[in-house]
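Chain IDs A, B and C follow the sequence of writing; residue 1 opens each chain.
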């Protein structure tokens, strides 16, 4: 396969590691004792997570009166955080499914951790509608018929919030299944290397008896393709349905038809930024910089720039149509966004999401780790504010000026937001310890791709050449043999 | 079906648009022009509406092909090198597309666009409000700028691509990555305005922020279908010896994926407007739910989504020319219907202003419809066919060529 | 650990190779020579090996499609039954929300889509485990050392009709097998 790659391609794996090297290098972090740094960082994020959980417990006990919401602004931090976290998750699915369908080989180094990130982000997201219910233990009533005098009353399937419940739970389930299926061959690799009985038992159980059989691979590849094909429209549908939570209403700033694709683009945009934040740290700490190369990060920068411009285009289209429609309410809402009392949030959003990603037009910027790291955080700040702008600034100026209000979040809301970050990072750090952070089997499949004989490594190129000769000889034998039966028939 | 790398491309025969096809296409164009002229004479609004539908139809295919081409360059899609000359030629329709679209909208303006009528505008404060965008100067200036810009970038990409055939210089590949990127940004910025001015403003009171995306989706799926038809046609004639089932498979997947994307946009635009039920927005759908239009409205989704989706779902069908051709034809017809449904109910309403009972005398399907389509379509085939013959159908010295030849799935 | 199986475990002639080109070539050669191939074992999915080995296309796409169809019908039934039918057992009574129809096809699209995907994905995954006999606690029947790391192996059933040890060994050697040995299936 490597023979057909154009010489313009850059190898996906640097330093021509052998297949065994890849196994060693990916599994090293989970086979050695964690470093002090890992303990320190995990302890810190764990503490933040615990304080978030404590805050949530307090608000469950006391009620959501502890939040700064009022009758005009009924959705604030809670739904902002929900949409933010769901959006973060989308990049994982994009990398694992959409880039797979587009045969983007570079995805193999990053899909595992991006999918893990998806699952943790969806968990964080799902938390917010639950706590917003105030008494989540009644949440079960959502789905069983509610008994009353006239007979059972079912949930209203015409409500986008019910669609949301279906979308989020389907998304989580399918992402988890996709992720686990991807893990099976790698878990078998861990099993076969395990030194202790405990490890062998745990990973032996998890790997379900995988033997690398090609009959299994054949089914496996088919299912992987099916799941990628299903996840692609699924990921579009999830943020589409989240966007309908707003767009089916008649609130100016919420009701606009471009919301579905615009939300999806924004989700991918923020998700890629989060993948970048995590991977820039992870590749350094786990010493896998030759597997997650600058090229991978550069590609992500390009996707961030492209989706950032789509988001910018959507902002512009909304403004254009608010004017074009000639509707007073639409016009007011958008002018108010840019110049009203909450315009600071709007301008943070525009500068973080539309203006700043333009630095990636320059190769120097999109190959500089510090620039990328700062940008990845800037983009996520911008995308959090995007949801805040959509939700809060659209609500705070009602049709009735007498109900106009302002919103000031309380410490409970701040702590819950912070806590969700703590939960997310803690889960991710634990993941790097117990599971292979890179899809070993998939990286092996592409590791030979576009590899050039390196001038500096005489042994490497000699090995490659020797191999090539061997194949040529073997191919010759094979073709000679293949001709035999034909000769018999003739 | 071996995974062995091929040693090089099969020899590429020269292609010239066969005279019978060229003459047939020219005859279609002439007969179509006569029928179009008859349409304009007998029922002016209907004639001009069909002019707009057909002219915009082929512009959308040209720009959709340009989009496919730009994406191929930007993503460095190795598989597609052997078919790249097809979208490259299709996109060269754009200059004539500008001429045809400009001509029909210029001469038919008052039959197509309510806002072009000064007296109507004087009594309509909404149309006055929209005048900065909806006036002839902005309309034609914008059209020249937008389609002219698309065409300039398309020809620049094509020039580099063809120059590489002789000098084999990789700088052309790099230049096309940059040009493709510029095209995508420019296209993203302009398609919203184009869709708004040329199509959406046939109903100048109606608005939908999704409309640009909707037109993009339609253009892309239709262009994919036309690429499939041309590729299979050329392959059948022996002019694309390096294209095999694996490349058709990818084209089939592209058609499948973007037909689904079109359906997504179609459903969501409808769902949101249906759900909010605001009178400013619902008028668009109410007009298409008139008893005479509603069947076509449903048929639109069948042709553009249901048929391609279910037929192309099984893998073997995406690789089989005998299946791909009918599906591509379905989409080609479906895309025409999609634009027809945008324009006709609106212009019919404008023509029968004040007498709603005459509005629902649609659908109008007859000689003027066919004539306008054949007129522009015949020209389209002649132009694209001769552009295909201007350069080798194989970008023989493209650095990614080997990847395309070895493409296997 | 398990009780002994009624018949003796099968024995396989296993050739081990160092890279994917070798396994592809040797598999093609063995298939062309007419020897029955039991299976190949690789650390990753080797492109083209399933064709070399002569495996049929996986039928799991049909399982996936069937699951999706069932999911779609479930969603349609669930929504119409609970929203629009008043008389039957446990069905809800129609509730006017925002003047929308009781059975609005448009508003049912999202849930129909989600359940289609959910059922299709879960049935494809379940089908995979079922087709391959992968279950928690299962041990591989035939596990060649190193195939989950960097080795590529081909196994020939010694009891299969047409098995020819000399021919097989010669082909494996010609393709630079790093090891050729007999391995018995785990009980």
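Worth a mention:
Basically, a residue touches a chain if its C-beta (ideal position, glycine included) is under 8 Å from a C-beta of that chain, and two chains touch if they have at least 3 such contacts.
Since the structure is predicted, the reported quantities are computational estimates derived from the model, not experimental observations.
Between A-B and A-C, more contacting C-beta pairs join the chains of A-C. With respect to chain B, maximal separation of chain centres occurs for C (centres as means of Cα atoms).
One inter-chain figure worth recording: chain B and chain C are separated by 41 Å, centre to centre, where each centre is the mean of the chain's CA atoms. Chain A and chain B have CA centres that are 34 Å apart.
Averaging Cα coordinates per chain places chain A and chain C 27 Å apart.
Contacts with at least two other chains are made by residues 1, 233, 244, 475 of chain A.
In chain B, the residues touching two or more other chains are 3, 271, 275.
Residues of chain C found to touch two or more other chains are 47, 61, 98, 107.
The part of chain B that touches chain C in the complex is made up of residues 1-3, 267, 270-271, 274-275, 277, 313-315, 408. Of all residues in chain C, those touching chain A in their complex are 19-22, 25-26, 28-29, 32-34, 39-47, 49-50, 53, 55, 57-58, 60-61, 64, 68, 78-79, 82-83, 86, 90-93, 95, 97-98, 100, 104, 107-108, 110-111, 113-115, 117-118, 120-122, 124-125, 127-129, 131-144, 147-150, 171, 174-176. Against chain C, in their complex, chain A makes its touches with residues 1, 18-20, 23, 145, 150-160, 162-163, 166-167, 170, 173-174, 177-178, 181, 184-185, 188-189, 191-193, 204-206, 208-223, 226-227, 230-231, 233-234, 237, 241, 244, 440-442, 444-445, 448, 467, 470-471, 474-475, 477-478, 481-482, 484-485. Chain B contributes residues 3-5, 75-76, 78-79, 125-126, 129-130, 133, 170, 173, 184-185, 188-189, 192, 196, 207-213, 253, 257, 260, 264-265, 268-269, 271-273, 275-276, 278, 280, 399-403, 405-406 to its touches with chain A in the complex. Interface residues of chain A, counted against chain B in their complex, comprise 1, 3-8, 101-103, 233, 236, 240, 244, 247-250, 255-261, 306, 309-310, 313-314, 317-318, 320-321, 324-327, 475.
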